[in-house]
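First subunit A sits with subunit B, and in the next complex the same chain sits with subunit C.
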Partner chain A sequence: MPNFITHQDWLAITPLLIAGGGALIVLLVDLLWPKHSPRAVSLAIGIGVLLAAGAFAATTYGRSYNAFNGGFMLGGFAVVFQEIIVLSAILSLSLFGTFGRDDRMAGITALLLWSTTGAMLMAGAANLMTIFLGLELLSLALYCLCGVADRAASQESALKYLILSSTASGFLLFGMALLFGATGSVTLASLMLPGLAANPLYWMGGGFFLVGIAFKLSLMPFHVWSPDVYEGAPLPVTAFMSVVTKAGTLAVFARFAYALPAGGKLLLPFFVIAGVSMIGGNLAMLAQTDLKRLLAYSGVAQAGYMVAALAGASALGMRYAIYYLAAYMFMNLGAFAIVAVLSGEREEGAQIAAFRGLGQRRPWLAAAMSFFLLALAGFPPTAGFLGKILILAATVNAGYAWLAALLIAGTAISLYAYFKVLRLMYDPHDQPAPGPRTSAPLAYAGAALCAAFVIIMTFYPLTPSNVLPLVK
Partner chain B sequence: MTPYAPVAIFAAVAVAAALAFSLLPGLLAQRKPNPEKEKAYECGVEPTSAIAGRFPVKFYLIAMLFVILDVEAASFYPWAVQMHALRMFGLIEMGAFIVVLGIGYAYVWKKRGFEWR
Partner chain C sequence: MALVLILLPIAAGCALFLLPRGERTISRLAGSAVAALTFVLPLVAQNGGEFSVRWLSRPFTAALHFAWTGPSLWLVLLLALCTYCAIVATNTAQNRSMIALLLMLEGCMMGLFTARDILAFALFWDLMLIPPFFALIEWGTHRDTAWRFLIYNFSGGLTLLLATAAFGVLSGSTDVIGSTHQFAGSWAPWIFAGFAFAFAVKTPLWPLHTWMPNTYAELPPPFVAVVSAVQSKAGLYGFIVIALPFLRTSMAEWRWLIVALALVSLLYGAFVALTQTDMKRIVAYSSLSHLGLIVLAIVSANPIAIKGALVYIVAHGLFSAALFLILGYYEEREETRSVLKLGGLGAVNPKLAGAFTIAALAALGLPGLAGFAGELVILTGVFRAGYFWPALIALIPIVIASAYMLRLLQDTINGPQLADIPQRRDLTFAEALAVAPLLAALLYVGIYPHALLAAVMH
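What follows is the complex of A and B.
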C-alpha cells in the first residue's frame, strides 16, 4: 500500500531514478532535435546523467537504511558497487565516440543508462523480487545493445545472448520460487531460519538460484555464451557487459552468500565452479585469436578469482573482492579502450593479429596495452597484483587453501596467454600490420584514466585499509 | 504428506500423460503409408511450395510494437479498479507511467517504426 513508501525510500533510489530518468531525457532531446540529436549531445547527456547519479549515490555513503520494506538496502557495500557500475558505464560510453550509427546514438545511450539502472538496483537488492527486477532490467537492455551494430555477428550475438540468458533467468526464477516455498518469504534474511537444512526445497532452490548466478557471472561450465556474445557485440557494449554484469551479479551473490548461515554447505559447489573457472578460463585463453574472445575467457577466470575471495563469507573477503572488482574494472576497460582506439567500425582491431608490430608502429599504445595485460596477469606494481595477493590471503584465512592453490596455478597459465600478445607487439622480426588511424580522444582519455587508477589503487589512497573498512 | 505432495503428483501425472500420448501411438499404430498420406495435409489444401520461403519482416515489427503497447495498456485496468483506494499516489504513479509510455511511443513514431515500408 502507498503509505508504506516514505520520503526516505525515494531518497534511497534517487540515483536509480536519475539514471533511468536521464535515459528519457536523452530520448526526448533526440525527439525534439530536427533530424536526430548529434552523437556528442547524446553522449554528453548520458555521461552527465551518470555523473549526477554517481554523485548522488556518493552522498548515501555510510548511511544505512532498508528501503521498500527491505527490498533495497542502503549502506554497506551497495554504494561501492554502485560507484563501480556508474564509473564503468561512463568509461564504456566514452568508447562510443567511433562506434555505431549516428542516428542510433540516442537509443544506444538510453539503453545503456537503463542497463546501468538495473545493475545499480542489483547492487542494493535485498529480496528475491528486487534481485530479479534489477537483473532483468540489466539484461533486457543488454540484449538490444548487443544487436545495435550492422554486422551479422552482432545480430547473432544478440539472439544467442537473449536465448541463453533467458534460460538462465528461468533457472534463477525457479530457484527463487523454491526458496520462497522453503522459507515462505522473499527476503534473503529468511535464509537464516533454523531447520531449513532439513528441507529439500531449500537445497534445490539454492542450487537453481546459484546456477542462474553462475551463468550471469560466466563461471566455467556456464560460460559458453560469453566468448560468442563478447565477440559479436559492439566493442563498447562488450566492455560495459564485461564489468557491469559481473559487478551487479557479484553484489547479489555476496548478499546471498552472506545471508546463509556461516560455512553454508550450499555454496561449496559454487566455489568448486570458481576453481574450475580459474583453470579452465585461463587454459581456453591460450587458443584464442580474437582479443575480445581472449578477454572473455580472461573474464571467466577473473570472475572465479572474485568469487573465491568470498569463500568462507569473511568480512575481509568481501572487501578484497570489491577491491579486485574495482581493479578489474580499470585493467579490463583500459585494455578495451586500447582496442577501441585501434578499431574502426568493422572492429578489425579486435583480431590479435592486428597487434603485430604495434611496438614499432605506435609505441605508446603498445606500452599502454602491455601495461593493462600485465596488470590482468597480476604483475607488480599494479592493482592486479595487490588484488591477487589479497584474495590469496582471504582464501587461505577462510580455510580454502585449495582455492588459493588453483588461483596460483591459473595465474601461471594465464601468463603464457597474455605474453603471446606482448610478444606479437614487440617481436622485431614481425612486420607491422597496417591498421586504421582513428581519432578517438575520449577513448584515449579513458585509457589514460584507467592506467592511472591501476597504479594509484596500489598505493595511497585507495588501498583496502584506507577506504574499505567502511564497507561492511 | 507435505503441502507440496499434490504438486508432485500433478507434475508426475502431467509428465506421464505427455510421454504416453507421444510414445504410445508409435508402439500401437499400424503403418501402411502411401503418397497421399505422406502429404503435409492429408485432407485439405494442396501444398503448392516449400514452407521455408522468405516472408516480410515488417509485419513482425508492427506486431511487436502493437503487443508492447497493448500489454502496457493492460496495466491501466488494475489501476482503474483500485483508483479510489490508491488516491493521489495512484494518480501520480499512473501519470509517470503514461509519460514514459508516451515518450516511447513518440520515439517509435519519429524513428518511423509505424510506417509500412
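What follows is the complex of A and C.
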C-alpha cells in the first residue's frame, strides 16, 4: 500500500482545490480592493471559479481512480454529483444579485464556495473520514451563510441549524465509530466483509449512521429543522442548501447503500422513512403560508422520492435517482429564482400571499412560476413527470411496489399544495397584492435556464451509464 | 405530420396570448383557421402522419411515436371539428383567452389520440387537464369546481402513470399502441385496474362522476362542448386501444364490476337527468348515461359491440357538442339555464329551435341520426356476447332518454312564453356556422354509418 500522495491523487481533487482556493481569491480581491470589492466582482469571480471547477471535473468523467487509498473515489458517479453540486451553486450564487449587503458579498461568496467544496468532497468520499470531513466543511460554511442577513430570523435560523445539525453529525460520527469497531476499517468497502451480520456493532453503527443521513436529507421524522432553517435563511442560501445538502448526502447514502451486501436488511427502515416522507412531507405542505417553508416540505417529499429510487440498490435505480436529483435541482431552483425576483431584501415575496393576482400583474413571471410548480407536482411535459415514471419503474422493478404506491399517493396530495399557490396567482376574484418591482437579470437568466433544462430533460433523458457508486 | 397536429394548435394558442387582452376578431379567425387546418391535414396526409423518435431505452423502450391510424383518425377528426365549431361559437369579451385555451386543449388531446406509445399517452393525459382547469378558474362560478375536476382527474392520471410504469417494466416496451398482444402475469389484473381507474374517472363512471356535473355546468359553452364531446372520450379510447388489445383477460376478471358500474351509470344518469332543471345539467347527466352504454359495449369485448361503440363515440361527440353550443346560445339570450323560467321559444327564434330539436332528437336515438346507429349496433353486439340481462337493462335508460330530452325540448321551445326579453334574436349567421357542421355530420353518420365502420375496421 503506497503511503505517499501521487500525482493522480492531486488530479482527483483538483476540482475541489479550484473551488476551495477560488474562495481565497475572492477574499484576497476584496482585501486589495479600495474599501470593498463590488458585488458584481465577487459574484463574477465566484461563478468563474465554479465554472472552472465544473469544467475540470467534467474532464475526469470517464476515468475511474481510487485516490488517497480509497478515501476519495473518482469516476462517473462522483463527477455527475459534482456537476450537479457545482451547477446548483452557480444558480444559487446568481440569485445573490439583490440579496445581502454589498460589503459582505465577498465573504458570502467565499463561504458558498467552501460549502460547495465540502459537498463535492462528499460526492467522491468513500471512507468514513472523508465523508465526515466533507459533511462538516459543507455544514460549517452553511451555518454562517444562514446567518448573513441582518434579520433576527436569519440569525435564529443559523443557530437552529448549528445545534440540530451538530446533533445529527454526532449521530453520524457515533455510527461511524461503531462501524469502525465492527469492521476495523474506515473504508466503506469493508462493509462488504462476510460475517458482519452477526456483529451487533454493525447493526447499531449502521443504524446511527443512517439516522444522521436521514437528518441531513431531511427525511421524516428527522426533518423538523428544515422548515425553520429554510424560512429564516436568506433566500439564495435556502436555494443552495435545498439542493446541495441533498446532493452531497444522497451521494454518501448511495455509496453506503450499494456497499452493503445485496442491499442489506439494514436499509429497509430507511426506505420506510422515505415512504413516510413522501406522504408526510406533502401533507405538511398543505398548511404552509410561507413559500420557503412550503418548498422545504416539498424537499422532504422529494428526498423521499430520490431515496425510493435506490430501493433494491439496482444499477438503474442509481441512474434514476441522479436523474431525479438533477430534475429537482432545476425545478426547485427555478421556483426559488422566481421568488427571488419577487423579493426585496426583506423577502416579502416569500409569503404565499405575495403571489396573489400575480397572473394579472406580471403574467410571464406567473407563467414561469406555474411551470415550476407543475413540474414539482409531476405534471408533463417536465422532467418531474419523467423522473417520477422512471422512479416508479425502478421501484416496481426492484420489488418495492409499495413504495411506488406511496409515491403515487404522495403526489396526489402534493398537487393540492402546489395548486394552492397557482390558484392565488390566477384567481380573478382576488385583488392583486402590491409587490416590489425589482429587476434581477441574473435571477431571470437562472430561471430561464432552469425552465429550458426541465423541458429538455423530459425529451432527452440523459442518464449517464457509469454512475454506480463504487467503493473499491 | 402528426407532430404538426399537436404542436400547431399549442403554438397558435401561445401566440394568441401575445394579442391584447380584449381582442376578439383576429383570435377567432386565426383560431378557426388553425382548427380547420387540423381537420383537413389528416384527410390529405398519407400513412397516418407517422412520426417516431426514440425516447427511453431503459428501463423499458418508449418512443415519442404518433400516428392517426385506426380509431385514432375518427377521434382526431371529431376533435378538430368540435374545436372548430367551438371557436366559431366563441363570442365573449374574453375571446382571446378562451380561444387560446381551446387551441391548447386541442393540441394536448391531439397528442393523446395520436399517441402510439402508452407513456406519451400518459403524458398528454395529464397535460389535457390544464386548459379546462384554467378555464374553470377563470370563468367558473365556484372555486371548488376547478379543484374537484383537477384532483379527480389527476388522481386518475397518477394511477395511469403507475400502471404505465409497471406495464413498461414487465413487458419491456410501451411503444405498443396499435399492435395486439395479450399481457399476462400475476400483476396484469392490477395493471388493468390502474388503467381502468383513470379511464373510469375521465369517462366518467358512477361513482367517480361527482366532478362532472359541476364542471360541465360551469365551463363556458365552447369549452364544455369540447370537453364533453371529446375529452370524455379519452377514457373510452384508452379502453379500446390499451385495455382491449393488451389486457383483455384481466378485463374479463373485472368484467362484472365494470358491467355493474356501467349499468348503474346508465340508469343513475338517466333518472337524475329526469329530475334536473338546469339545462346544462340535464345534458351532463345524459352524458353519464350514454357513456355508460359505451363502457358496457367495450367490456362485452364483442367485435360488433366495439364497432358500435366507435360509432356511438363519434355520434355522442357530435350531438353533445351541438347541444352544449345551442344551450350556450339560449343562455346568452335568456340569461338563465333553468327550464322552469323558459318556454315558448320556438315561436321567437324558430331556426335556433330547429337546430336544438335535431340535436336533441339525435341524443334520444331517433333513427336516421347518428345516435340511433350507434345504440343499435352496440345493443346487438352486447346481446350477441351473451350479456342478455345487461342488454335488456340498458334498454330502460334509452327509453328514459326520450323522456328527459323531450321534456327539455317541451319546456323550452313549446308552451307559453314566460318572460319577455328583448335580445331574443334568432340564430345568427356566425352561430349557424358553428352548429351546422355538427348537425350535418350527425345526419351523415346516421344515414350512412358504414362510412365510419369501414374506415375504422380495415
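The working rule: the second predicted complex is superposed on the first by the 455 of 472 C-alpha atoms of A that agree within 3 Å, B and C clash if a C-alpha of one lies under 4 Å from a C-alpha of the other, contacts with A are read in each partner's own complex, and residues count from 1 in each chain.
Simple rule for what comes next: a residue touches a chain if its C-beta (ideal position, glycine included) is under 8 Å from a C-beta of that chain, and two chains touch if they have at least 3 such contacts.
Values in this document were obtained by computation on a predicted structure and should not be read as measured data.
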Partners on subunit A (subunit B, subunit C) - clash or fit: fit
Subunit B versus subunit C as contact partner of A:F379, first or second or both or neither: second
Broader residue contact with subunit A after superposition on the shared chain, subunit B or subunit C: C
Touching partner for A:Y426 - first (subunit B), second (subunit C), both, neither: second
First (subunit B), second (subunit C), both or neither touched by A:Y416: second
Partner chain in contact with A:V396 - subunit B first, subunit C second, else both or neither: second
Subunit B versus subunit C as contact partner of A:A405, first or second or both or neither: second
Subunit B versus subunit C as contact partner of A:I456, first or second or both or neither: neither
Partner chain in contact with A:C144 - subunit B first, subunit C second, else both or neither: neither
Contacts of A:V272 with subunit B and subunit C, given as first, second, both or neither: neither
For subunit A as apex, the angle formed with subunit B and subunit C - C-alpha centres, to the nearest 10 degrees: 150
After superposition on chain A, the shortest CA separation from subunit B to subunit C (Å): 47
Parts of subunit C lying in touch with subunit A, wherever the complex brings them together: 17, 55-56, 58-60, 64, 119, 122-124, 126-127, 130, 134, 137-138, 143, 146-147, 150-151, 154-155, 158-159, 161-162, 164-166, 168-169
In the complex, subunit A residues that touch subunit B: 2, 5, 24, 27-28, 30-31, 107, 181, 201
Subunit C partner contacts - residues on subunit A that touch it in the complex: 316, 319, 363, 374, 378-381, 385, 388-390, 392-394, 396-397, 401, 404-405, 408, 411-412, 415-416, 419, 423, 426-429, 459, 461, 463
Residues of subunit B that touch subunit A when the two form their complex: 4, 86-87, 89-90, 99-100, 103-104, 106-107, 110-111
